[in-house]
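There are two complexes below, and they share subunit A, which is joined by subunit B in the first and by subunit C in the second.
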Partner chain A sequence: MMRRWPAWLRSGRVLIGLTVVSAILFCAIFAPVLAPHDPNEQNLISTFVPPIWAKGGDVAYLLGTDSLGRDVLSRLIYGARVAMLVAVFASLGAMAIGAVLAYIAGYFGGRTDAVIGRAVDVWMSFPPVVLSLILMVGLGVGLRNVVLAIILVDWTRFCRVMRSEVLVVARKDYVAAARLLGFSHWRTIVREIVPASLPLLITLISLEMGIAVIVEAILSFVGMSVSAETPAWGQMIADARQYIYDSPWGLIIPILAIFLAVFGFNILGDGLRRTLDVRLTETQRA
Partner chain B sequence: MDMLIAKDLTVSASLHGERVPVIRELNFSVAPGRVLGLVGESGAGKSMIGRTVAQLLPPGFAVTRGELMFDGQDLVRMPFETRRELLGRDIAFVPQEPLSGLNPVLTIGQQIDEHLARLDFGNRKVRRDRALEMLDAVHLTQGASLLGKYPHQLSGGMCQRVLIAMAFASRPKLLVADEPTTALDVTIQARIVQLIAELQRNEGTSVVFITHDLRLAAQICDEILVLYAGRPAEYGPARAVFSEPAHPYTRCLQLSNPAMSGARRGLYTLPERMPGLSAIKGIEGCLFAPRCPNVTEGCNAAPPPVIDVGAGHRAACIHPDRTAAIAAPVPAAIDASGLGTPLMTVDGLSKTFTTRHGLFQRSEFAAVKDVSFALHGNEFIGIVGESGSGKSTVARMLCGLERPSEGAVAIAGRDVSDDSAATRAYRRDYVQMVFQDPQSALNPRRRVASIVTQALEAAGTGTGAERLARAEALLSEIGLSPEMALRFPSQLSGGQRQRVNIARALCAEPRILIADEIVSGLDVSVQAQLLNLLLRLRRQRGFAMLFISHDLSVVRYLCDRVLVMYRGEVVESGPTAAVFDAPSHPYTKSLLAAVPPDDPSAAWAPRSRDAEPALALGAGL
Partner chain C sequence: MIATILPLIGRRLVMSVLILLIVSLLLFLVLHVLPVDPAAMSLPPTATIADIEAMRREMGLDLPLPQQYLIWLSHVIHADFGNSIHFRRSVLSLVGETLPATIELAVLSMIIAAALGIVGGLVMFHVRGSRKEPIADLGSIMLLSIPEFLWALFFILIFGVALQALPFTGRLDPQFRLPQGTGFLLFDALAAGRLDIFWSAFKHMILPCFSLGIAFSPAIMRVLRSSLIDVYQEDYIHLARLRGLSERRILIRHALKNAILPTLSLMGVQFGILFGGTLLVEVIFSYPGLGNLMVDAVRNADLPIIQAVGLAYCVVVLIINTVVDSLYLVLNPKLRVR
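Let's look at the complex of A and B:
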């Protein structure tokens, strides 16, 4: 018999999302090979070169140059490194904290649940952008600190959503049956509850990656992210902002890059949610 | 003229581009003021008829032949607007699930008023008076306070009465009641059914009464139509169909239902199950032939013709004369001789739930009060009672899922009241639980083999191959083929899932099994298979069981002793035969009286109890 693709790989949304995300990931990994120029190499003779398709474009600079004559394409490709690093590590980190607390809260319930729930409530009462700015001021700039700031802000999102899912699964009779058969708490969670909540977890991670890209862009836009010599999409927007009338492409191109990355993560997450969510697939089958 | 006439009614579903008849060539008629019972197992197409009347068929289903005439008008081909005018006005419905039949965010008053406004009942004041009258007619006193309540504040029985009141508000000519009492307790079922009968007589309404309960149908219906896989099996006057069934299917259904009176008889077990949509296509002859005890070669040649077997009594069988010869097997003797020292003793078990309202207020609810009994090796004890009587709470306490507020439980002489790890391990060696709903009790992501060997996984014993072998052995012991081991629960039927559920508990080799409503919601043929399976397993392995059920006839068949619970207390207990034949507590008497008797000509006189409204109002406050 021919091996069939799993259902989630046959969904159009998932395929589109995977294509976009892996393309960006590819750029990030092979940036030194792909980029035609050094991203920080200045060519003060040819500043504000428009992209190749606009009037006055130069083949040497496919997407044009910025105010210091740096190649936009190269900066874009290198900027993907920051975006992807932040997306992957921040979302995995936020998941690690949020999901573990959610499993504990949802499974044990009672006082444990109340304490964790209140902590999440208090944490979420801080506006996320302000909180991350404060954290960045406290921690100082740098890639590691950006990741840390996003984790510290966004773990609550995982915790709250996962907790309600765990709560539902933990009430199932098969969880009680596992306990009666002598499963330890740890084994019950790992064998009975985690598999049931895995689809939601995967979906949340994918959505969180999109959010992390945006937050990183915001932070680098205000100069609170990576140091100035590391190209980042938010920085490119901030740099091009002053010359918006003379050279609009310098602004539009990084915005498009952010848009594409977030779109890719979101449509991937949405597609995964649709195909992996048991409740949705069950109603369709019925 | 007849109110509802079905002539060669055929409903087809498209399956992989092919049309498969779900209901084929159905003929029946309901005269004004008469009650037609549609009887059959789930999947027989009973509900499809109600849906055809409303033209609310699922996507892909359509009437492909024949007609369904209501009061001289063709329900299938009439324009949408005409039908909409008829529905709810001349044709009324009573649904199976009363709670989902009412809108949870509107009060009862708002919903009745909305319905009456649609029926042009005049202004708000008139409608309110009419609403109160209606509630009075369904014996809901305190109507004025009810109007301001929301559905969740009422009991299931009260919701069903409200729906019945609304159904009769327009003095409909036809009422379609689809399993109106299946979700309700037996005492409430009796009153709801009698209420429908009373209103039906007063208003001269024709009723199509859909049910899986042949005994109930025999009590309240004038005619009965037995359906099998969408085909008419038997049609005739209720008494005749019940007392002299001509179709083997009717007879087998009857015999697979445990008796409520007389000597304990064995249960007939129909093998396999009703063919599904895809299987129907492959069967040339009688669809029942693969399961029929009287099958001959002629049965598989062509679909059986519908022949007359008595006055107005027809059956689709080529040799109806042999049907009466089908007999129930001799019951396996219930052997309670092994009574020695008790295996489990329960002494003064109580459970009080505390609910907090705000910071300082708290209310206490005694779910279980002072329950004591002893369970001996190899003994089956039944616990019966209505929902909310504390049966399930007792079960959960005995297997350690709930901590008792008071009282002691001892297993084989050792007290297991504390919650230490050692006690839990000790209890685990003796007690296992079979859960009610296999949908929730089986992890949908595990394969059957992995589910039934969970006990080995917990103990960390056995290699993968050993576990698979064990799983296959268990499966054959519970009557499933070993190939099922690699399936997922979603690929099994309801009865098969419940067997897997039992097998998982048995894998731990328990000496006490606690079974909470494990046959409710299953068809009688599947129920009979499971009950006989439990008796066989007891003979083969030897275990005691606490069998919790709301179905008295099942307990009568299966259990050696019975405990009757009412509002958290055991009001009567004793050997099953003694309690059923000579009940002493008034509650036991009313429970027994609520079950439709075996003999359809016997008077069915359920006692009315005033407990129900009081209970429900208490819950609402």
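Let's look at the complex of A and C:
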């Protein structure tokens, strides 16, 4: 049975990554069913309840409560929604812009390539965190704007890496052959070049999802992400930081959540890179 | 050699100035779609509509956008960034006070990142093919998954709150006053001969610098490891081995010298990102640098500061890129022929 699975599904890294990511995705989708409490329900009588394993823990609040007596577990589960929504849409959006420009630049070369290359240079002269913050100032808070800001910042990651890949692929003989057969530019790109660069694209998406989770956490930490009623991991950290002496767990738990999500995407991306990229040498694969 | 390198560096500089112009235009445009009125914000709440209108005219906000941009740009070229709406002080002096703090933080962090990255890369290269390799590899992916601000919070919890071993707010203990000088605190303290201030400042830098340093080291490790593996496929390594050189000598004198180049160019890119990464670390450690100024400005919609700080970040990144590129040209003879 195992034999018939594709190579990428037999990689330990891919399996670990898929497990972690699916678990978080599951939490995000079924948040209303899974969360024991309303994430915004305040209970001012039981604030700073420690998690169940610490002294004074309460079975009603498995991971404890925060400064307003809100259930940490429920906020964590609902926070997964923001993280996953941003991860999926921001990375797909950034890929759409970055990859399309990379195919155009790498395939046509010359002046087109130079213009797109300069645009990437301009973008790269902004540290990503600073640029996303400035964009959020311009756009205003909200889930859609966070996604948009990350797309507008991170398309360059795709564009830079994919462009050099496309440059290599576009010089291959079979691409020249396709052109000689009378394929249009469009058909050559879609039928010959895109399939060859797909492994790299999939890997990059996975890594970008991890980056998007981090950027969203950073923005919500400084209060420039989703509105305050929507629970988000970065926001939980910012709240808990003020009460670091009262309840260190309130800080540790969302930190672990962010780490786990990013680790899941990174190890998935690394596993995919190793199993999908045919050009990697054997030594790197080991 | 210099004759071949200088024109390349010159071209790079011209490019940087052009990029800076475009960046300034983008910054201006993004911040002018904001739904806030700087004129109304810079007046007391008792101001009448007529006062606000007068202020708008005074600030040039009634002019068409392209003209506003040109006026702003000509002020910027004359190092006039206007006044902060919130702090009611010159933006230039605010940026001038905070920029050295951020540069100090970023440079020390980058040194730590480079040291950890190179040592880690050598260790990862050393364990290649052995049973320890998967562990080292998994370790580096885990490190890669922890961004600087999570390290910062983690370090505060362990070394600040639990062990109470290191301070985690500001740049100095409260009994000290900032010494006058360049703004580079460690340097100023030494120049003033105040070892107590130096020690206090040093202790305050440990946690923020290590947060950034550790977060940016794994990428350097992984690139160094893979470029070492590439270099070891080359004939001259086999040749060196045939000549009977020791493995240590081959690694340090032959392999590392070539493998360090891709690592160096990565470090240039990393330094630019690290410079932006200081933003959140500064906020977490209440470190009075550009990042804290920026976040305060963002919260107060203080446009003149946001524009100036955004530009300051870009200028620093462009300088770093130019220096790294030039260094790369000097170190890599293969690139000199054009």
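What we mean here is this: the second predicted complex is superposed on the first by the 277 of 286 C-alpha atoms of A that agree within 3 Å, B and C clash if a C-alpha of one lies under 4 Å from a C-alpha of the other, contacts with A are read in each partner's own complex, and residues count from 1 in each chain.
The rule is simple: a contact is a pair of C-beta atoms (placed from the backbone, for glycine too) under 8 Å apart; a residue touches a chain by one contact, two chains touch by 3 or more.
No experiment lies behind these values; they were computed from the predicted model shown.
After superposition on subunit A, the partners subunit B and subunit C are accommodated together without colliding. With both complexes placed on chain A, subunit A has more residues touched by C than by the other of subunit B and subunit C.
Touch criterion met: A:Phe183 reaches subunit B, while subunit C stays clear of it. Seen from the CA centre of subunit A, subunit B and subunit C lie at an angle of 90° in the overlaid model, rounded to the nearest 10. Smallest inter-chain Cα distance, subunit B versus subunit C, after superposition on the shared chain: 5 Å. Within subunit A, no residue touches subunit B in one complex and subunit C in the other. By the touch rule above, subunit A contacts subunit C in their complex via residues 118, 121-122, 124-131, 133-138, 140, 210, 214, 217-218, 221-224, 237, 241, 244-245, 248, 251-252, 255, 258-259, 262-263, 266-267, 270, 283-284, 286.
Here subunit B touches subunit A in the complex through residues 399-401, 425, 428, 431-433, 435-437, 440-445, 454-455, 457-459, 504-505, 508, going by the rule given at the top.
Those residues of subunit A lying in contact with subunit B across their complex are 172-174, 176-183, 187, 191-192, 195-196, 278.
Subunit C makes touch with subunit A in their complex at residues 15, 19-20, 22-23, 26-27, 30-31, 33-35, 128-129, 133, 138, 141-142, 144-147, 149-150, 153-154, 156-157, 161-162, 226, 229, 233, 269, 272-273, 275-277, 279-280, 283-284, 294-295, 298-299, 301, 306, 309-310, 313-314, 317-318, 321.
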